[in-house]
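Chains: A, B, C and D, in written order; residue numbering restarts at 1 for each.
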Amino acid sequence: MSMLTTIVFLPLAAMLLCWVAPARLARVINVVACSAVMVLAVVLWIQLDPALSGYQFVQTASWLPGVVSEQGIQYYVGLDGIGLALVLLTAFVSLTAAIASWNVEKQVRGYHMMFLLLLTGMLGVFVALDLFLFYVFWEVMLLPMYFLIGIWGGPRRQYAAIKFFLYTLFGSVLLLAGVILVVLKTGSWSIPEITELAKAAVASGGDGGILGSASLCLAAFIGMFIGFAVKIPSFPFHTWLPDAHVEAPTPISMILAGVLLKMGGYGLIRVAYPFFPQAAVDCGAVISVLSAIAIVYGAFVAMAQTDFKRMIAYSSVSHMGFVTLGLAAGTETAINGAMYMMLAHGTISAMLFMIVGVIYERAHHREIARFGGLAWVMPKYFVFASIAFFASLGLPGGSGFVAEITTFVGAFDGPHRLWAIVSLLGVVITAAYYLRTLQRVYLLETPEVYKDTSAYPDLSVREWVVLAPLALVTIYMGILPATVMDIYKSVVHETLVPLLSAAGSRFGG
Amino acid sequence: MFDDWLLHLCLIVLAAPLAGFCVQYVWGRRLGAAGAWLTCVTMFLSLACSVLLGVAALSAGAGFDVHLGPWSWLEPGDGAAWNIGIRLDGLTVVMLVVVTLVSFLVHVFSTRYMEGDAKYPLFFAWLQMFSFSMLVLVLADNLLHLFMGWELVGLCSYKLIGFWSEKPAPCLAARKAFITTRIGDLGMMIALCAIGTWVGSFEFDAVFAAAAAGEIPDPWLLIAGLGLFLAAAGKSAQLPLHVWLPDAMEGPTPVSALIHAATMVAAGVYLVGRCAPMLTPDVLVVVATVGAVTALVAGLIALAQNDIKRVLAYSTVSQLGYMFLGLGVGAWHAGLFHLTTHAFFKALMFLGSGSVIHGCHHEQDMRRMGGLRRKMPITAWTFLIGVLAIAGVPWITSGFFSKDGILSGAYGVSPVLFWIGLGGAVLTAFYMMRLYVLTFEGEPRDAHVHDHAHESPRAMTVPLLILAALTLIIGPLAWHEILLAPPTSVDPAAAWGTLQTLAQEHHHAGVVMWLAIAAGVGGLALGWLVFHIRRGSLEALKRPFAGLERVFAEKFWFDELYAAVLLRPADALARGLRRVDEGVVDGLVNAAGRSGVRAGEASGAHDRRVVDGLVRLVGHVCQGLGGALSALQSGRVRLYLSLSVGLLALALLLEHLL
Amino acid sequence: MTLVAALSIQPFLYLSAALFCAGLIAVLSRRNAVAILIGIELMLNAANINLVAFDRFRVQVGDAPVIDGQLFALLVLAIAAAEAAVALALILNVFDTRDRIDVDELDLLKG
Amino acid sequence: MDWSPLIPAVELTIGILAVIVLDLLARGRHPWLTTSVALLALAGAAVSACVQPTSGLDGGAETLLGVLQLDRFSVVFTVFCCVTGFVTILATVRGEAFPTPGGEFLVLVLSAVLGMNVLAMSVDLVALYLAFETVSIAGYVLVAMRRADPRGNEAGVKYVLFGGVSSAVMLYGLSLVVGFAGGTSLEALSRAIEAGHVTGQPLWTVACVMVFAGFAFKISAVPFHFWAPDVYAGAPASVAGFLAVASKAAGFVALIRVVGATRMGVVPEASDPLTTFLPDGGVLISLIAVAAILTMTVGNLAALRQRELKRLLAWSSIAHAGYLLLLLAVWSEGALAALLFYLVAYLFMNLAAFLIAGIVIRERGTGDIEALRGMGRRNVGLSLALAVLLFSLTGLPPFFGFAAKLQLFYAVFERGFVWLGVIGLLNGVVSLYYYARVLGVLWFQEAEDAPVLRLSRADALLCAVLVVPVLGLGLFWWGAWDWARDVARDLPLVMGVR
């Protein structure tokens, strides 16, 4: 059995194990499974040859032969740099989240089973190379998420869960429509094959694309884009995010922000853009505008939030705007930056949500206005908080800086320069709201309430173990970005960029 | 071989404070005073190495320009290579020495000044971090690398201004500083984008070459230049971004001395000096004008301040203005030399003020001081030297040489700027003398303060003496042709044409010099006269200028203006957008909610808000239709039948029509 | 040449249409379940008239007379009877519980 | 002459008689006896339907007296209905319906199945109508089985009146069709149309619309859906399931035959997918297309507001009828296969859903959704089963419902009707909302007082038998799909022509 299959289904096996094992062992199983996944991911990292742009560790197995095409739907998994980067991210964030879940009390077994199922779904999405398989994993991941928010969430959990579910399904069906169209016209379920076809179509110079009609391509692309944009979530499909985050339990927020949002970007990079380069280029302007809006608007809305967690949720909206901005620009630098932003944001936002969780556990509220002076009560906690904040607002030494500067330079290079400049504003606003929050929550006089150290102890071991690795990775990614970017650079260089530039050049971008 | 030497020295220069930071940050509490002295040692180490580098530079002779590295940092694609590397030339070396020296002295000074503070170790940790970041900035051989140091010093400045962040004022000041400079950084980012786009490498020489070769298309070279200057203006507190610096005085005085007088604020000047070759004439005009205006305006504001540190802060702003003026008019050399001299005498005066504040138990209001010279002679005399230097008293003080250079440069280029500068010079001398007199001369105005005042301990006075000495002796270095030698690629002629060379000749002869001297000495004398001899009739003298004084005291209402034009609107916008976001087109939604049948109990409250805004509208419509449909489902079988048959007939009709 | 032969099919169709409409109107207008049933019967018989008429007036294919139309009509009668029987049974059933058979009162089930 | 096609029918008839006789003799003392006989009859019918040789592939399938045609299509549906009847009987015996279902109940189920069996085979309007009515009449009585229950009675009356009217309308339509066809056999009709007798005849339009009314009633499609919610709500859950699955399926079979015969079935593929909205295949097809959209939308929207489990399922089954109609509207071989495939998925999902509804009603005494409160904690197995079913009904992977939907929409897109497909897909989103609400009550809402449901082993077993395929076929549906395609290939899109 290949590595990938192992890594994907290992959590599933662990889930079944949880089912039979006594409930008190569930969390142990979860952590062990996540660590195992992490180890496997690292092994993959070591073994994967970054020079090759093609898929590695490929495993195919006949699954539903004859559906549409001769070969039909396959069990077809493989990994390239982009996938690997995100698998690493998933494994890492999930591990920290699993540790963060250590103190879940309600329906422990169910919780950890759902958690593991979710993990399988996420990993599956990143390794699936068959459209059907991709879609199945994509949806499978919704179900546990729905329950995790709905059962273990906050007071308005049912509303948040249904909202999350509805939104994402809305996106998914548009995605499905696109998938059906693609499969219908190309007669293949295999993502690499279809990508090749798209290459050929662009090369051939006809404007038909893989669907044989430009307008159809455009429609399909828009459908798919919306499908993924809901996940990212890019303006104006973002309103599910704050509620989902606010209601979800801390570890789930970490995963939600750390991994789930990335699946949208991944979908764009792996499916929407390669399949419809022409349409993508044509939509570039619109997408850039949306991204610029997301960045600035998200930052502004975050600035006005009174709820700590909501604030951070909106900062996610703002930061994920860089991903679409970079993709829309279509230059190699920009796309690399967008990818990097996904990884950076994955770790940073996970950290931020953990930080909110830490204080929420102690104070049982998230009202920014009611906090103050926590730095003097919980100095260690404050250290991590400031690392996360400054990394997120793009200070050098943190991963956010690399992502932002790369995306900016790349996007500036692209056809939609104006919007790159507009989105620069986001940087200042981001600084503004982070510093304001930092001051209101951690600085100034400590209110009497928070002074008693028994109710407000500094970080527990569990929290240390969660936060420290995240912080280290964040800083590492800020200081030695090349080591991370090399994972996926060649793929972007050899698959995505040629397509887009070819498509762009033909119609003058 | 030689390069390896340099490399190792540079690495020590960088590593020492970084190590100091880590140690202090992690074990600071345990180390206590020892930790503080340890940081002094690390600083001294990097000072020593910097000096060695300086010696190396001198021995290497003219045209000393060494590149270490570059080491690949990131290759973001499109064949671009973003490296980090070290560039050693006269400018770098001088900056290195200045930074490490002042930093070292400030460390020593702080060991006593900060005594008894709850966060004593943290203070030194951040001082170390700052020194490190500043050195990174100075050593950088490319813009991106420089930008990282640039942002990091911003962080340290934030941390140190807000060192006492239990109190609101320091918090706000710190935030203001960070965000204001961040606004400036937008310019830098645009410049980076432009360079990254058309040059692909941020390495200075590559960029200059590209700029010279016109590889950067027309508007963007100008924009990039302006962007760089915007960033510089942010860091160096030039109009209109100067507002943060005075507030930054909320930080501990040593910080003000190190960061907000000697080094960080000078980074802007350094940046413009470094990038001078890529600045188009138009940009230089802007630089010079902004500098001159800032020099004047800040001077005027300084006149009416009573907080000893604020006066110094505004004088800093105005001196920085001089530096930009110098760079702008092509008196590149003089500008950067002024940076150097200013670093020493302003650090001297800040530490002096610190000593005063320390001696007076944290009293900062000059109106409650006076006659302190007898109480703290060393502080007073050293301070006086600083005053003389900043006023540019000829031949004995370094300030004279640099300022004179700048003025003559200006004179050679544009009389207007020259006269503005001269006016600024008079003001400087005048208010510095005011400061000195109010603080040290005359009879004490507050018995309590005066009685408890005492000379500061040696750890604080020694740095003062050293700085005073330096202030006096570095003047002759003024025209050293290796240190601070203009980068080869600067072509002043390009900037202001032949006038520039004229300026070079004029620099210390002729009318300009005498005017400058007159301005300095005259200002001092006037100040002495007004505030010391005739102080009895001071009020009478002031009366005609009451209106003006108000304007100056209110700092031209810059803060109020920004609050009204930027901050409040931004907040309002944010709140507005939030409202928009939480219920996009709420009106529509509610309308739909009303028109549609109300959601059933089962579906509960959340049905009415299935999803936000427009999406929620869809939810409402669905709910409404659903309600309507189940309302049709009245249970009346005849109604059903009529509906069915009716619809069938309708279908028939349509079939027939279509 | 019988009388029928002289006639065209139209009158039969008009008759059946009229009958059908009558039945429909009865169904839609009457509140009494039994009346509705009667309406239904009318409609069914309208259909029967059609069937028979068509059968009669169809151009004979081949020599053997195909009578499936009439057959159909007969079966319809049977079915109509069965249906009526069941319906009446059910209506009676309701009548037991509440001694009216006004269909408009049957609204336990709605929404 | 080969009478073998009648074997299942005969078996069923024997079963009916046997049950009657036994019931008389045993006077309901040994309900298990009659029940097992009935089950036996159904099983036998199913088996013999499977084993008997089918004609078909060779085009002009042989017919019995030109009235009944035996092809794999009809076989499949016979089996389909037998299975449904089987489950229904079991569910009723254990379900909430009545203490012990008397013989009459069994007789009615059997005769309904008999009717469906004939309906599936009939290629003649007479037979078709006969079978149709047999099914209906049996259904009327089944609904009102519980004589003491006013709701049941009311449902029965509504059902019979509504059914009577619609069948009368249909019959009138049929009579006109006969007129056009000059014969009652579908071949005749097909020939007549081929000869162009109907072209440009307004009366033909009338006929089509009226005939469609009858089918619309059977499959509860707009605008003849009104009866469904009330009747399902009034009837025992198991019976509701029977109506929702079996008689709907029967309706579709008949509809397929008729559409096939009217030869307007050959729908031209949409040339420009983005501008074509409705298939253009003559009166009947466009009627069906419109009805399909209306049906799924109305069903889903109305379901949003339901508070009772059976009503909710009723509306959702209406919506599913809409999806199925979509397939008839695009009318291609793939579409027929998908229809078959979807019906199979539909069978499992709905029978199971109604079964669980029945159990809940039996235990809690109310079919209100609120009755599920807190079940997630107590009856984990049942709740999981329900979750699977509802997700599958929504059409989420990895469940059977998704595979079916995928094939369904694939067929629609294949013919180039992108918009029809998108509307259908979006309808799926709407449907998620009410299914998810049920799950929300089931899992997210705490109820300390709610007791555990008593779940007999047989209930559990039946549930499992129905739910496992929903899981298994969700991931490995290749076999089922392949089979569906074969069967569909047997069925000529256009009667007589291959």
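Couple of notes before you dig in:
As a convention for this text, contacts are C-beta pairs under 8 Å (C-beta built on N, C-alpha and C of every residue); 3 or more make two chains touch, one makes a residue touch a chain.
Quick caveat: nothing in here was measured; it's all calculated off a predicted structure.
Centres computed as Cα averages put chain A at a distance of 36 Å from chain B. Mean C-alpha position of chain C lies 27 Å from that of chain D. Each chain gets a centre from the mean of its Cα atoms; for chain A and chain C, those two points are 66 Å apart. In this assembly, the C-alpha centroid of chain B lies 77 Å from the C-alpha centroid of chain D. Of all residues in chain C, those touching 2 or more other chains are 27, 36, 103, 106, 108-111, listed in ascending order.
Taken residue by residue, chain B touches two or more other chains at 610, 630, 633, 635, 637, 641, 645, whereas all remaining positions touch fewer.
Residues of chain D in contact with two or more other chains: 157-158, 161, 165, 169, 229-230, 305-307, 433, 437. The touch graph of these protein chains has some other shape, matching none of line, ring, star or complete.
Taken pair by pair, the chains that touch are A-B, A-D, B-C, B-D, C-D. Chain B makes touch with chain A in their complex at residues 72-78, 80, 144, 147-149, 151-152, 155, 158, 162, 165-168, 171, 175, 178-179, 182-183, 185-186, 189-190, 192-194, 196-197, 570-571, 573-575, 577-578, 581, 584, 606, 609-615. On the chain A side of its complex with chain B, the touching residues are 156, 158-159, 162-163, 166-167, 236, 239-240, 297, 300-301, 303-305, 331-333, 335-337, 373, 375-376, 390, 395-397, 401-402, 405-406, 408-410, 412-413, 420-421, 424-425, 427-429, 431-432, 435-436, 439, 443-445, 481-482, 485, 489, 492-493, 497. Those residues of chain B whose C-beta lies close enough to touch chain C in the complex are 630, 633-638, 641-642, 645. If you check the complex, the residues on chain C that touch chain D are 16, 20, 23, 27, 33, 36-37, 39-40, 43-44, 46-48, 50-51, 53-55, 58-59, 61, 66, 68-69, 71-72, 75-76, 79, 82-83, 86-87, 89-91, 93-94, 97-98, 103, 106, 108-111. The part of chain C that touches chain B in the complex is made up of residues 24, 27-28, 31, 36, 103-104, 106-111.
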